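I am attaching a structure below and will ask some questions about it afterwards.
Chain nomenclature is as follows: A, B and C, assigned in order of appearance, with residue numbering initiated at 1 for each chain independently.
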């Protein structure tokens, strides 16, 4: 029997609201100390200023994550075609943020802006700011190679190098001069493979070619390869779309383990996957960020109609 | 505003069958609601107008409501499993699941009222009308109909209005109980009869609460806000919040 | 029922059409195989006799007279039967071995081409008397067939029995060495630049189109170009392996560029992305990942380009490599000839004996080409990779 007894409940919503607005204030303060009050208001993304704690039970005790990647009014053109329109997002540190949206909505393009993979394509024009730890990724003094050692990437199709498993993991540390050959490198390879949850499966066959592994293992090898240089951010471009459900579950479990140490940004077509792994979700449509919010909110009560239409399967 | 929400509840999905499935559970809730409503009407008039046959009918036909609840429940489970609904679809299914639980309980209360009426009428058929009970029954019935109406059109404003009617139900209940207490204190002989009426009034009061719950589910579906265990003011505020 | 019958008829017709088409295809292949078979059979049948040749056992007198007139070294009876090429060498024998002076030595010497032709049942210019002598000596075991070492150890000669393919082989090796030394690095670099570094703009597309067109230019034009640039302008010695090699390099370059680009393009972009993704520079991406993966393909393409260059005659005509080269060249600047040119020279010789030499030369050329192509196929098979 539910009697209407407002304000009598210990877990009443007023308390939640108060907590949440406090967190929001902190978040705003944290980034404003550096960049001032010129945040573009172009996107209707309520989650931008929202505290991550909202709706979180036990997680509410954790401190608010500062912003890791701060995107301000980012626009991108492929030649004459505009692919991103004034995207603004604040991606919090050390948690999982999912980017969802229909094909060609710009989510992968956006992801590739973060480690400047779009530089590889000629005739790309980028306007706006993309700050990683408050430093502009597109600044003139930024070395792309250095940037990519801080922002690792995992691709849709598992793409281990056609070399041995060991070589796959050791390659990046070697070219960045992070470990010396021999015991030091062996250790780094082992830790990386352990972090990627692959060590037990491959420890006795490190000289086997990485391409001989199963799809899921290959993808975990790619994750090991990415974390071997200990990046701050890991970008994942549909990391499980080529895998079967079991391998997908393993990757998702791995993402869950990595979330406390890395800022993970994952593009996915699979909305259930976004719902499972991500704490925050941004919905892209036609090159714009339509909505950015807690994953819970996006999937139960999105504030934008286009988000709702997309996640409920009403497009087309 | 609620009209165009209604227009797009179940429509516009790429999967036409999904549309149909959602429409189906929604309309089945309404038909279950109709059944429950009839049960309530019959139970009240059996008591107030001392109709023995109606009381018997009410007391024995709750199984129909129960069967419907099980059916809708299964349909909802199937949608959850097969469609993995999100956002408004998810909220609709959740609202339906909760609504049918409440409707089933209302059915139970109506059945209990029917049994109470049987008991009551067997004891004494010559008693005059019970003061206030008919009025309260009417009121609760209005609430239930209003709630079902709000649910049918997913009309938040109506839901808020109907939910507020519960205040009157509560006061009517208190008035009836108060009056009967006085009667019982005056003449102890009246106690068994009065108790039946008290229980009936109590059932009506609960039905009012459950009708209010249904209104809350309407608000939950449309606004995505959980307004249970909140004040009416807050509920009204959440319900009028701008959307889309 | 009627519809059923019609459907059945349609199906039968379809099957018949398929059968007819299949038969046509099989016919085409059979014809092609037949041509190849006839060609090989003809060449082998005509050429195999060149690999053995008649030797004659004669007494060679190394005296004062024979040093002055080498023909006097052997008895008059067998003199027309002995290769004049051998008789010319008689003073040389004494020079290299003074002990021989004044002695008479019995030795096997190369017989004249007439003896060869007579014993191989071909047309011969021997007189009936000489034929009788040959028969007599043959029965006595003083004329025998032996493996034709001259063919592999000597250069060109006006005397068929003394003509060999060695100078042409050495010339070919030197020419191809120059060709590959120039064309491979140039082609590889160009392809890598175009494929991995260049941005896609009007200029690079213009270059691409032109490279594709160059591959289709008739090879004789490369000869003209080589003549104009290398010989007349840069002063490279005419008919040298250097001139020929550079000319062939010009011709092979587009082929190598195109095949290298194809090999590079066969490396999936995911590998490049993976390399960039872990922070490799473009150079590291190319040298650590793309080149090692595409090397088999690049080598295959280059070998095929080389094989094509090896069979080329037209451009070499113009830079003077159709020369008569009796001794193998010692360096790339010396006059040289190449296998196909040698074959052409022999084919245009009036003597009938050169017929079999031509066929034998073709066999050698074919053997080398097949070996090269087989290497290419092996490389491709060996390193074939699937992604």
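We adopt the following convention: a contact is a pair of C-beta atoms (placed from the backbone, for glycine too) under 8 Å apart; a residue touches a chain by one contact, two chains touch by 3 or more.
Nothing here was measured: the structure is a model prediction, and the numbers come from that model.
Using mean Cα coordinates as chain centres, the one most removed from chain B is C. Relative to the whole-protein C-alpha centroid, the nearest chain centroid is that of A.
A separation of 61 Å divides the Cα centre of chain A from that of chain C. Averaged C-alpha coordinates give centres for chain A and chain B that are 46 Å from one another. Our note on geometry: chain B versus chain C, Cα centroid distance of 99 Å, whole angstroms. Multi-chain contact residues, meaning those touching two or more other chains, do not occur anywhere in chain A.
Touching two or more other chains at once is no residue of chain C. By the touch criterion stated above, chain A contacts chain B in their complex at residues 1-7, 9, 12-13, 271-272, 275, 299-305, 307-309, 311-316. Listing the residues of chain A that touch chain C in their complex gives 115, 117, 120, 122-123, 145-149, 152-155, 157, 159-162, 171-172, 175-176, 211, 222, 225-226, 228-229. Against chain A, in their complex, chain C makes its touches with residues 199-201, 268, 270-281, 284, 288-289, 293, 385, 387.
Looking at the complex, you find that chain B touches chain A at residues 8, 12-15, 18, 84-91, 166, 206, 209, 212-213, 223-226, 228-232, 234, 243-244.
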